[in-house]
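Below are structures written as structure tokens.
Okay, so chain A shows up in both of these, paired with chain B first and chain C after.
This part shows the complex of A and B:
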């Protein structure tokens, strides 16, 4: 008989982690040794003739060489987008635009497996997530916005819409294909043309999307996909013939962009960082809540701007929740992202791993108590054990700053008012989570939490029909749903 | 015998409006408001950075209460403001005429202000219905999006008119549940201060609207870079100021709203889109239980 005081049996997880490997096959995906820039419907060599390597963060092996676009290339792409806008796209009836966008959605679905494999190889996320979330949601996003293209007159009561022109779009490395879909689909539906730059670590699925766009016979120049790092992004932001900047990334870079376009008439939407509070009340179904917390912070290795990185647990269930979390942490499978059993894959890059490890050090130095899963990490590649901190103070850096990794800071609270105050005490306002069985309490919380997305008894859910975006320093503008159209039209 | 002695008029002291109080500027500074004939109208407070910061702190303090009120209640208070303005119409006509308007123009401006307040009073509990959505997500969740106020708004009123600009600016801001600090017209400040007295007698909680008088050039940078302000609104066409506001607002990712093409005496100067300029969309998710698989068949 097990004689633990709380009448539970100590769980053993070492066997649970030793499932037989179930690797996805690489053979269903084709990655070229070198990729060029997609400008005006053609793949073109970069004028600076420079290429950089894209590696697999799970193994550190080189996957491909990616073209680096310089100012001249950006200029060429913007010119192509302008010409396509003036001559073709803005004149095309919405119903015709719609059919092109539907085509793209369908082709992504047809090649879903290939996209999932490449997304995982290039970015390190578990194949289960790229297969079941990133790729289907990206296709759905195109499918959803395609249908808006001929219905814009219904979107804004008593107003007409007109497209903005050329949209310059810069997207992050955490959901490469999905973010491309979030940006391109509404822009095209509203009649704009696009110059988009994926993050330099994760260009491959965007370039595969370029292949689809070519196959779909989208008029040349309507979508231009150019690759490169910060300098390429800056060239897009500063190009005088771009009408709109859409950026997803860090708050730091978001502020630089807001400043850079201050002297222009460019419109902007910024989807920036976050430090979401996930709040568990004592009447919550605790096992579900723990599952939600795990999903909230460890989904995509915590590389999620809306990750539930601050956990607030009501005092009376604090110990129980932390114990359950530690147990659950032990059962997470960390390792090869291509393995279908893997829960936590590779950290996206060495730089990001260093940032995360630095915060883990800071958390310990600040006096917080750390607990990490005992999982063995692969010898090569960039990995981080799922990590939780207790004994965290509101002022600690791990409770204030976005870490963008699998690191959770846990604090306790007593009353509703106290936790509202603590949850809102951050410059960010992207998302929040609430766990309780009481409906009236849910709505008290969801209305008082200053965040753009609030998940009650769930977390990290996304849908093309559901607007997403931040309050305060988490940015402005929405992506998804009818509200997402406003980012890409003049309302007159 | 009745005498026709000339009675000495009591002059009004024009002060600023912060947190429901009428202090003088903490700086002790003033400027002289005149009409186009250079006749002296009043000594006006030349508000300082500290006045602005006090006003922001009053606006922040009032935000939770004001945004948490029932939308219907906000509508009633806006209606009450209109009632009070109607009752004091003569005073505003008089002030507008001192500031160069003829009688017909002055009456027209005050009437338009009253009507505009009634217009936005009605929107208080309606714009949400127009701009909210229930989103048909593809998973088993109930999901909806609705507008919520952006927060504390720092606004620089149109300079061309004394009353219409500031009323047209404030009404949609507070109808949407925001609180604000507003800088009145520099050259025509009288009605803004008197309008503060109207606000103060209209059940509007102190701190929801704070009105300063002073110089744009001096105060605009603070309006744009204060870290506890969520949005900046600017109604003039000066490009250098616009760019300065946009640039400084990046410090804490403020929303910047420029009303440089609005004709304030036109019907196009009022619409629910003015309210929506200072709203955030919040999306809420909750799972839908599905155990037995029963359908709503009847």
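This part shows the complex of A and C:
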């Protein structure tokens, strides 16, 4: 009856993964065949008359054609933002600004389903995530900062604040709508106007947001949404009449931006890459820790700058944790992002898939032991099996470099001091996670881990009231909470 | 009984994070079960039911009716499975056994001074033997919650082991009465004690205390079963009981079972629902799935 060898014991999860399809209806969202630039309250054709295609990474089908803004378009947008700032927005009482921001928040909620569908079609993330996380959190950011608009004197007691002027904002492709909300909401609340550029792969929800902003009757030019690739972003960064650059994206581009604005009066906040350590102690609630690790690295296919991509497990529970991780990996549903049951959707682009696959190859060449889920992948589209590596060394590239995909590097540790040293041994410092039942250990770890956010017994929790930002090459400045206001005001 | 005979130290604390376990449990409810998955799931759930009547006012006539229903859930829908077992008090075991005949449906009997368990051990053993001698295939015992909460884990362990011995060939379900244990840590510890002491099933509740079965509590117990299986190679069955009266909730439980223990547990040897009104809601959903419209409750026999 009882088996003597533990390695003969295996649980089977095939039937858990093979549920009848439960697709969200695509027809509930309207996508135009072509989108123009949103400048000064109107949708305008790009002056270069160029458009580029936006595709659905889950099927490789074209979704729409997106306008490419050149220097002249950027100039027009910045001019509109400047005029709106001088003539309308900076003079408007905070309580009046708040009304507009609240209106945008409510309209996002009203059209939440449409936003979620478009976010999933355009970016490849599971509909469960865009429905339950991206869209509601984006609306919450607008609600939260709307509340601050007329209370800035309480945010900075006994200090005088004034807006910065025109904010140039560049956002990444991993959370397109949410990042737009993170950038636009605090800027508007503080009295700034905005020129924002979504990533070229994922422009659609930002353009839907432009439609809402138009319907909300926000004064023309307060928010300008222009689309394009790196050159468009560079034009925003280099425009002389922009007062502030807010950027979320790669450390590489962050450095370029920093060089470009050196010697100018432009302020900047940069939210860049990460290689977060998730640390499991032997007294942790192991099943919940494993769930947190899974959520930490496979949320949004690992396209998360604060993803817990390094896992440190105390050696006495190492085997058990790895076994639990492998079982959990098997019950993850990988596939069509529009299916309500999908846990892991499509990789955002072919380029990103190549980068991830290359790192998986490097990991194997470095001698790490790979384990991948046995899930079948769809034939078309960009997909990657959830992957974990054991037998990883601190010096391995997969343990040092940001992969930005569903790939986890696992190491063991013995003492608290050792794991603190290893966790901090990275050029990044955006986030970290600690799993233990002991409160004192949590406080010891959180004071010594050099990371902007340290989660205890949870991971990837976001709230508009909580500041977010990095140490070291993960950037500077904070977004969210009261701290997020400081990035958009002069404080005297 | 247990391969390696190593019994863990139950006085060391168990670690279950409340926020984490509740979050994980709610994830299962996000699964969207459609079409053939739904029909298969509903039929499986029906086949996992321990159809239960545990009232002071139970009569032989009531038990006979229940046994007929157990074999003929809804004859207008051909090809339906039967329930797994009928669950009654020891005094009704003989009646149930006769009524069920050779239908293959098991007779389960509660025992050990159900539902409070406030009786001396020899009374509990006699209660158990009485049920088994009358033909019970399965015995649902309650643990001594008072002793457990006092920290008398050896007492609880020995009692379960003694009842297991009294069961002979009958399978033993150990009711933890999680509503009285309150914390997830305690549920986990009680699960471990029951399994190491010889339980064939671990079961959440008597149905007499609120809260009865919940998804997070059941998840804690399923995870305990999984860890025990990896440590000993022995499979333990699970029975949430009380409070599961809707088909949709039953499907959520099956999703949870399938993702925690996998398909080897997806049958009535390894999983049961202790419920009285669940069957009719499942029947109603199955008829809706077949005909496209809901029928009124009047079309489904009440017991």
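The rule we apply is simple: the second predicted complex is superposed on the first by the 484 of 492 C-alpha atoms of A that agree within 3 Å, B and C clash if a C-alpha of one lies under 4 Å from a C-alpha of the other, contacts with A are read in each partner's own complex, and residues count from 1 in each chain.
Rule of thumb we're sticking to: a residue touches a chain if its C-beta (ideal position, glycine included) is under 8 Å from a C-beta of that chain, and two chains touch if they have at least 3 such contacts.
Small disclaimer: the values here were computed from a predicted structure and weren't measured.
In the superposition on chain A, A:105 makes contact with neither chain B nor chain C.
Residue by residue along chain A, chain B and chain C are tallied for touches, and B comes out ahead. Shared-chain residue A:340: touches chain C; no touch with chain B.
By the touch criterion stated above, A:285 is placed in contact with chain C alone, chain B being left untouched. Contact with chain C, but none with chain B, is seen for A:22 once the two complexes are overlaid on the shared chain.
In the superposed pair of complexes, A:180 makes contact with neither chain B nor chain C.
In the superposed pair of complexes, A:225 makes contact with neither chain B nor chain C. Once the two complexes are laid over each other on the shared chain, residue contacts for A:388 go to neither chain B nor chain C. In the superposed pair of complexes, A:437 makes contact with chain C only, with no contact to chain B.
In the superposition on chain A, contact of A:466 is made with chain B only, not with chain C.
On chain A, the patch touched by chain B and the patch touched by chain C overlap at residues 457-458.
Of all the residues in chain C, the ones that touch chain A in their complex are 2-3, 13, 15-17, 19-21, 23-24, 30-38, 223, 226, 229-234, 255, 258-264, 266. Across the complex, chain A meets chain B through its residues 140, 157-159, 251, 254-256, 258-259, 261-263, 270, 272, 427, 442, 446-448, 450-458, 461, 463, 465-469, 471-476, 478, 481-483, 491. The touching residues of chain A, when paired with chain C in their complex, are 1-4, 6, 8-9, 11-16, 19-22, 128, 132, 283-289, 291-292, 323, 327, 331, 340-341, 437, 457-458.
Residue ranges on chain B touching chain A, taken from their complex, read 68, 130, 133, 135-139, 141, 143, 145, 148, 150-151, 230, 243-244, 246-247, 249-253, 255, 271, 273, 280-287.
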